[in-house]
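Submitted below is the structure of interest, expressed as structure tokens.
Here the chain labels run A, B, C and D in written order, and each chain numbers its own residues starting at 1.
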Amino acid sequence: MKAAILGSGGYVGLVLMRLLADHPDIHNIIPVSSSSAGVSVEDHDPGLGRSARQKTARTGGKLVPLERAAELEPDVVFAALPHLKSADLCAPFFENSVVIDLSADFRIRSTDAFEQAYGTPPPRPDLLASACFGLTEWNRSQIRSARLIANPGCYPTCTSLPVLPLLQEGLIEADLWTNALSGISGAGRAAKQSMLYVERTENMNAYSPGTQHRHVTEMKQIFADFAGTADTSLFFIPHVVPVRQGMFCATRAVLTAGYSVADAVECLRNRYADEPFVQVLGSRIPETRHVRATNRCDIGVHGEDGSIALFSTIDNLYKGAAGQAVQNMNVRFGLDETHGLPDQGEF
Amino acid sequence: MKAAILGSGGYVGLVLMRLLADHPDIHNIIPVSSSSAGVSVEDHDPGLGRSARQKTARTGGKLVPLERAAELEPDVVFAALPHLKSADLCAPFFENSVVIDLSADFRIRSTDAFEQAYGTPPPRPDLLASACFGLTEWNRSQIRSARLIANPGCYPTCTSLPVLPLLQEGLIEADLWTNALSGISGAGRAAKQSMLYVERTENMNAYSPGTQHRHVTEMKQIFADFAGTADTSLFFIPHVVPVRQGMFCATRAVLTAGYSVADAVECLRNRYADEPFVQVLGSRIPETRHVRATNRCDIGVHGEDGSIALFSTIDNLYKGAAGQAVQNMNVRFGLDETHGLPDQGEF
Amino acid sequence: MKAAILGSGGYVGLVLMRLLADHPDIHNIIPVSSSSAGVSVEDHDPGLGRSARQKTARTGGKLVPLERAAELEPDVVFAALPHLKSADLCAPFFENSVVIDLSADFRIRSTDAFEQAYGTPPPRPDLLASACFGLTEWNRSQIRSARLIANPGCYPTCTSLPVLPLLQEGLIEADLWTNALSGISGAGRAAKQSMLYVERTENMNAYSPGTQHRHVTEMKQIFADFAGTADTSLFFIPHVVPVRQGMFCATRAVLTAGYSVADAVECLRNRYADEPFVQVLGSRIPETRHVRATNRCDIGVHGEDGSIALFSTIDNLYKGAAGQAVQNMNVRFGLDETHGLPDQGEF
Amino acid sequence: MKAAILGSGGYVGLVLMRLLADHPDIHNIIPVSSSSAGVSVEDHDPGLGRSARQKTARTGGKLVPLERAAELEPDVVFAALPHLKSADLCAPFFENSVVIDLSADFRIRSTDAFEQAYGTPPPRPDLLASACFGLTEWNRSQIRSARLIANPGCYPTCTSLPVLPLLQEGLIEADLWTNALSGISGAGRAAKQSMLYVERTENMNAYSPGTQHRHVTEMKQIFADFAGTADTSLFFIPHVVPVRQGMFCATRAVLTAGYSVADAVECLRNRYADEPFVQVLGSRIPETRHVRATNRCDIGVHGEDGSIALFSTIDNLYKGAAGQAVQNMNVRFGLDETHGLPDQGEF
């Protein structure tokens, strides 16, 4: 199998290269970059090892421009590009390749909702109907035959995995408050003063609270599509904390009358019993280090007096981006879903 | 003025020494430690400067045991000692000194509530009636004549400052959810594996959620005493994040019908207009770096559709502990309330 | 193959478990701990994934005491135990298992030198003659048949890999100054106040400079054994910096008359051309992130006016401990030397 | 006294504002910025406190453009601007103000040496003869009457303070090797990908080793000017480590025959006995946290067999930049040299 990575110089692209280099079913990788075309993969990213060099032999071990990538006819294309630019840059691949897009360009089906969140209409409204939303654990059957997969955002993934089973089964009311802590890699690799080491170490703050963050639109669509609750209310407060990779969400909901915290834990355990990347810990509260550099989502639950708090952790670059994209590729191509996806976090 | 510091080796004690060394109205400092008695202040804490050495001349520039401190008859005693041990160790000073206790031993007036939170009855129930709660901005008149001041906890200070005016004036309903992020110095200086650098860097998690944290009892008492809302419901989720000093709280409440976010901002601005250490930023969200190593509390507000989010930042070791203790001393002894208290944070 | 890990609760033990869980040739892992015997591997270390649970099925997915581990007759035993305790605790395994000891107990052949460095005679002088020093790239033929392998220290590994070829070939004089920066995991997992997050973040310092660090003894033996320079002078300055994992060494030497920097680079390239885990970068200076969580050592060279600076990076827990131990196991048992050993670092 | 700060938005400018706001002899501050003129000081830097607002009343509490600053005729101008731009931007102030320039533009007297280090001739060669080098402890008498003070670089300050007395007295040979670790603020506030939080946390590396760093030229001039050793050899290896503020230097030298380590300590103690900001610790090794946010330089010494290691710590933004600049102002205007300069570091 041949895989191309568009956006090889961003954090998500750098993780994709690592995952594909160690993936047993990928034999050729085509690293694409307009700004760094011609640079060798080891100069581009000295952290890479032997397998990355071997699997890029077809491109001479170098990054290539977009056109060259298209000529090489990859089976699958991962687009780790900025929002509003991705759809166009993916165009050369729609015919011959499965495209897994990690931007927001194909995530929101409603053009109005997209425009409200991103300030401009979606770049390719014609493709929205056929784009498949890649929240793997909730959309496998569609993913299996998709030509275009819209990989979810990091906050939507981490927030929705613990919430969806309970919303779907009616155990909680559709009025949520989520506090999310994100590692700084979520801000991307573009040089911004506000993300310099000196500005972020020993510092923390919330940003875009309420319904201001673009991911709120995406989360509401997820709740509607997969739990069937069209009018879920979500008050979302993301924070930036001085961590490189990692995401911690705490979601508070009200238990529907008649249900207990134990019911909620059982519901989550049943739903995710066979999922290789979702661990329901019961009343234990997860820590982000344990899922760092893995495709896991760990979930803990605490409840009191009719209230429930759902704790969930992911690595924003893995299950929140590159990892879930590879998981979707595995599903799409009928590979073992766990191939190439680490599940051992840090200690 | 002579000041003694009990618990000179803990993080709060180390900050107290810095504040008092630079305080224009303090001329003698008596650093007390049972385990390090006889050690010179510069060996004990190589970060200290000239003024710390000069102001400890009475003790030969050395830490002294408790009995020696009592003989020196300090005007004010700061007790930065573990809960349940502090009350007893302060005993030699109750007669001749004003005692500012930074433990929880005198914070909770109800012995039942104390026992529920701390697992044992309060060590000196006889003194609870006369202990004055040291939330400076809300209890100045009592502090002015107090002999024993119970300095508030860090979470209660950071959570209650933005909440109290709104609760008191009835602008929000008495049902709160607070997410709090704390720097690691809040866990104290005792050697614990879970607080090693390796365990905490690149890691974050919630702990003691709901009503489990001991500070919830304290916060409910604060709401009752100062806002008059005896039955405030509080769902509290503290988190540990890899920051040395700093605290960020996000509290969600429901606006009482008829009130707007602008009303809430105005209420906060009016209440704190003359307070040197509370800044109401309006819709700007504070960052912890800006209050680091200061006695400040910065407050921002965001609201939507009848919901309100209150953001507040302090340095847990300063306004959340040593800083507020010095502020209370200033009030108690009729000094300029801002003396010795930095209000310039980091950039 | 069955592998036992003694000291499963320390940082090196935690890494060993991850490496063996993902190692294709290891089918059973016996995690040993006296203090945590009976605890499940996932409670012990929530970062572990499925393979760790599967490979510990023989022990019921639990940590076991030493005696039980001996009954299970592991093919190989990794001892990640404190110096001076390891030799005794390994005793039950010497007869039936290959023992790879990661402490210093078997590293120093001279009992005098050991006693000088560690303050007490070596615990098992009878075994020193048969212990094989596990600096893989320099001692493979001995390792292949060893029953007891003394795995090198982190500083000796990182310092000697760039130095040895040049010393051996006579390109540099035997008078070295090495400055080494170490991540904090090198201090181990025991709860020490000086290694708390608050004490180490935003802090750096040298310690044990000159010839005071115990590893100097080990390095001098390495230079004598593998480069044949018995009387190498080494002035060694280790530093602690706020990094979790990683080591950076800068070694200055004087080029022997007649040799150039280019000669030195060529010598290193020749020596390590076929080594999967040593990369000679030429004049590029390595960064520790690129070898984080890998078994790699990256080497860069700079020279001027007859002086040369050798830069080398490893992850102190991987190539500096657990990784090299697994590499030694691979060599000893005739497995592919790269099996189970990551070579993709971070970006 | 009126002070202007050119470059108010950089890290050094931000520290200068803090120092001057708390300085008892400065009554008016003129914050200058071309890009942020018209912005209020609290919006520009929310970390600032009351005194910064009060002391900028003359400019309406706002940043002003260069021309406006010149009209206000400051007594002293601090220029915290990029190299090669500073000299020109300072021009309007040379006539009426004392200028303390923190760039390299006036540091190097030899135009050839400047051109070699900075790739272009010095921008104002006509002023080099009258510029006074601001290494306070070594050049006080000149500073007292200077109109233009060239404030030293951070590496030169930290390296030379422990070295100069020993070189001057002939206790060490003029052949030095210095390893320096710098906090990341030394790289400035310009948005660079390589200084993003994600790129620098958990990472360390050397850069510009040997004689490549521009500060080597400056250090050689210092050794010549103040110790009289014109041909000192210096092999300098700077490193970047994940620390916000702080610098740690380890310099190795050879003791001149006949001198001991004790002689060296005594020499340093004698030389700095009356210096308020230089502490000679003897054999204790300093830590950077203890000088963080202070104007101190702490010095420790270790020696063996004729070799000596000198350890020195500063905060690169304080004694390495803004702090020493204020110290020079104090000297220049006959103020108490310690005014406005913190000497209490962190614990």
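Odds and ends about this structure:
Throughout what follows, contacts are C-beta pairs under 8 Å (C-beta built on N, C-alpha and C of every residue); 3 or more make two chains touch, one makes a residue touch a chain.
Just so we're clear, the structure is a prediction, and the values are computed from it rather than from any experiment.
Between B-C and C-D, more contacting C-beta pairs join the chains of C-D. Chains compared, chain A against chain D: the Cα-based superposition rotates one onto the other by 180 degrees, nearest 5.
With centres computed as the average of Cα coordinates, no chain lies farther from chain D than A. Separation between the centroids of chain B and chain C, computed from CA atoms only, is 45 Å. In terms of their C-alpha centroids, the spacing between chain B and chain D amounts to 36 Å. Separation between the centroids of chain C and chain D, computed from CA atoms only, is 40 Å. Counting partner chains per residue, chain B shows two or more touched chains at residues 11, 199, 201-202, 242, 244, 286-287, 289, 292, 346.
Those residues of chain C lying in contact with chain B across their complex are 11, 184-185, 189-193, 195-202, 242, 244. Those residues of chain D lying in contact with chain C across their complex are 177, 179, 181, 199, 202-207, 209-211, 235, 237, 239, 241-246, 248, 250, 252, 285-289, 292, 302-304, 307, 309, 311, 313, 346.
Across the complex, chain B is touched by residues 11, 14-15, 18, 21-22, 45-52, 201-202, 276, 281, 284, 286-287, 289-294, 296, 298, 338, 342-347 of chain D.
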